[in-house]
């Protein structure tokens, strides 16, 4: 394991310090927590948006705290859901009096911890809604699908809607609509290494790739011989289109790097993915190519497609 | 070599296609060249900014083509300077009648090829100025210093100044002032692999790092045992401060990822670097943490410090 | 079985030490079918439990276990945090106000814990989770005349059986059939918990006898 | 030495084939002290030279060499592109209008080429660059009565000597003393160029003789 770190136990703390040092005007850290909030939180009369999860997905989620995005991100240890008390502190810190929406990726840990926090906040009279993101089509059963890069579309759309002054109910519905219309799938060329364990999550040979990987260094659903980018693009798109009909639809597209994949390769993937989607007569209104939801230093990418309607397109930025 | 590519010979072409497919409203590719220009180029009455170099440094340079940034980027093969005819096409495409500034990193190849292109353009009556970036203090002789991540500060400052309507002479001077006041140094934990050769530029043991690496997979100036992030930060800062006096000065800071280093690690580096600079009573006005100038999939980072005055601070964004 | 307030405290402290000692192994188990953090999560949480309860005096079993549960909830994180936390919280409700817990009350507490896990985790037996240890242990306890050794033995066998099960809950479920052939990390930490009970009861017996 | 327009063409074609065959080796040399692309750059450029000149008829040596130079400038890139390109461009100026080039004119052309490289690259002999091959070759040529074999032999020895030199120009200079012990890639490709001359002259001799 080769990393630019000090003690593994200090990674989370030092990362958050480094973030706040970089952006002192935009964000602050709640004292004695691993919660990053907007420096002007709470914003009176604005619905607060809270997301979070384990760390190791940077820029997710603390990097999305800001204008037209989140009000707070709760940062767990690397690949470990944060605890309910931390989520609860985040909720309290961003409630501007009109309620808080929790944006939660669908993992047992995240769901349970955010749920307990929501109960604690409701007990204190704070209005709380939750949206659970399940965009990863690599998992067959829709209820079990993981939340992956598609989550960022929810941050963006719900974030812009909240900034525009919409009500908690409206934003929760809009976030749910976004979540219902986004599908993702990933492929990895190399694993990630959780610093505390120091070992890769799985091993791949020089000519192997793992299809359907999540964002926690878990193995994917199938191991295959590494193929050219165009064939990988086809396989991912084919899988995604089993779950959505995009013909004559407007869509937004995200080619997300998993942590150590050069932008060069992501653009090569985008070339083929967008070509395939154009062939299906989809109209790509917006494309995001870069690292939005990573798995530490995993190599590979995920493709996310969001089907747009007027409202989603209006709020997507 | 594990990469999301098709044929190695097609990498540059397909990457550029993928870029244009992602941002069709912002950029276009000049027909039969590897030049990316703003879709509204040339902008009449505005000084055109052209940069470029070998590919493999993404987002540099094509990712900086846009508002308040470059007008064109000339993209060579991976780690290979582009040829004069391509640079010449870029100059012609972005000349809005008031001249063009070339922002060139100090490599024999880049300098010679851009120089030849400048001569060709001048022969056609186009006003051309050049600024050569030499920010890498790993190289002892100032004349030989390589242009690395500090180049991005020049893109930003010259870009904003050009957008504000300044003259070619003024922008060239401002760009030169930026170049004169920015210093960088890098450290690498793993090498990059030029696709055409398929082999890493150097080999490092599991406990080794390379200090003073450039951005082309070249070896650095010294190989050492991997140290904790804080010690590496100290070494880099110490080296940088040999070349600049920042006491009671305003500065801008860039912690640049070399291609496969997680943002998590860059923030951990920023924590210590900014702490050290604060101790020196420098006032950090702006911090950039992320991948700005990469070396394909090299792991590691560089630190760049730009000493600001009113004008530089005003145009930096 | 003689579960006094002091024994309960020793139980949690012994469990904490076992989590610490098996931190690497638990994370390795989790690496194979999950995300590799289970040992670190449990060790981190139980280190805090120790800090919390070691030098505090309690009047009842429920009090110790409640403090442990709150600490676990706020320090473990992941899936295991809310699950173990809820389990202890529910059990502490049953054991509240009792300086000593009878075999029957012990089983009642286990039952409440299991209901808590199942509800919080929307899970049931046979899904390759910690429940696959807790439920057989409860069944053993419900027979009465509890012997800690026997509970630990039951836990061990149940834990070993998780190797053959296909995961239906938690991260391991993503692997589907590929999860077969690996022990469930949460089942293993649960086994460690019941194993620690033996030591605590023995030490308690000696102290009393 | 009998350098006709046709021989000049054969020279460039043979050089191209040699660059192609040594592509991997040249890039390996560059990998060690540069950025590993020299072979790819030269092979790419000379493949285009072949496309350009192979089926075209020329009246003078200068014409062939000028076409090659323009192609090299626009297809090679890196440092080698402008340097080789400028070298050929300057030589083509001397050889312009000549269907056959005398030994003296050949040396003049080399001299012009070297001045071009030195000016464009701000470099001189002894800096571990292609000049360390070109200059000894020129000195040999200036003796008169040129034999291609002798030029190639001189180029080979000069190329081999670059191993012991510390680089002062180009990427290898970044390595300082660490560049010692490696051949300079540009010196090696220059050696290949002069080696190719032997073949072209021999073939020309046969064709004529």
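A few remarks follow.
Just so it is clear, A, B, C and D label the chains in written order, and each chain counts residues from 1 on its own.
Here is the rule we use: contacts are C-beta pairs under 8 Å (C-beta built on N, C-alpha and C of every residue); 3 or more make two chains touch, one makes a residue touch a chain.
Owing to the predicted nature of the structure, the values given are computational and were not obtained by experimental measurement.
Chain centres were defined as the mean of their Cα atoms; on that basis the chain farthest from subunit B turns out to be C. Taking each chain's centre as the average of its CA atoms, subunit A and subunit C sit 32 Å apart. Here the CA centre of subunit B is 55 Å from the CA centre of subunit C. Under the touch rule stated earlier, the contacting chain pairs are A-B, A-C, B-D. Against subunit B, in their complex, subunit D makes its touches with residues 24, 27-28, 31, 34-37, 40-41, 44, 73-83, 120-121, 169-171, 173-176, 178. By the touch criterion stated above, subunit A contacts subunit B in their complex at residues 2-7, 11, 14-19, 21-23, 55-56, 58-59, 63, 189-190, 206, 209, 226, 228-230, 232, 255, 259-272, 274-275, 287-289, 291, 294, 296-297, 299-301.
Here subunit A touches subunit C in the complex through residues 54, 76-86, 107-109, 112-113, 115-116, 138-139, 144, 146, 194, 196-197, 199, 201, 214, 216-219, 221, going by the rule given at the top.
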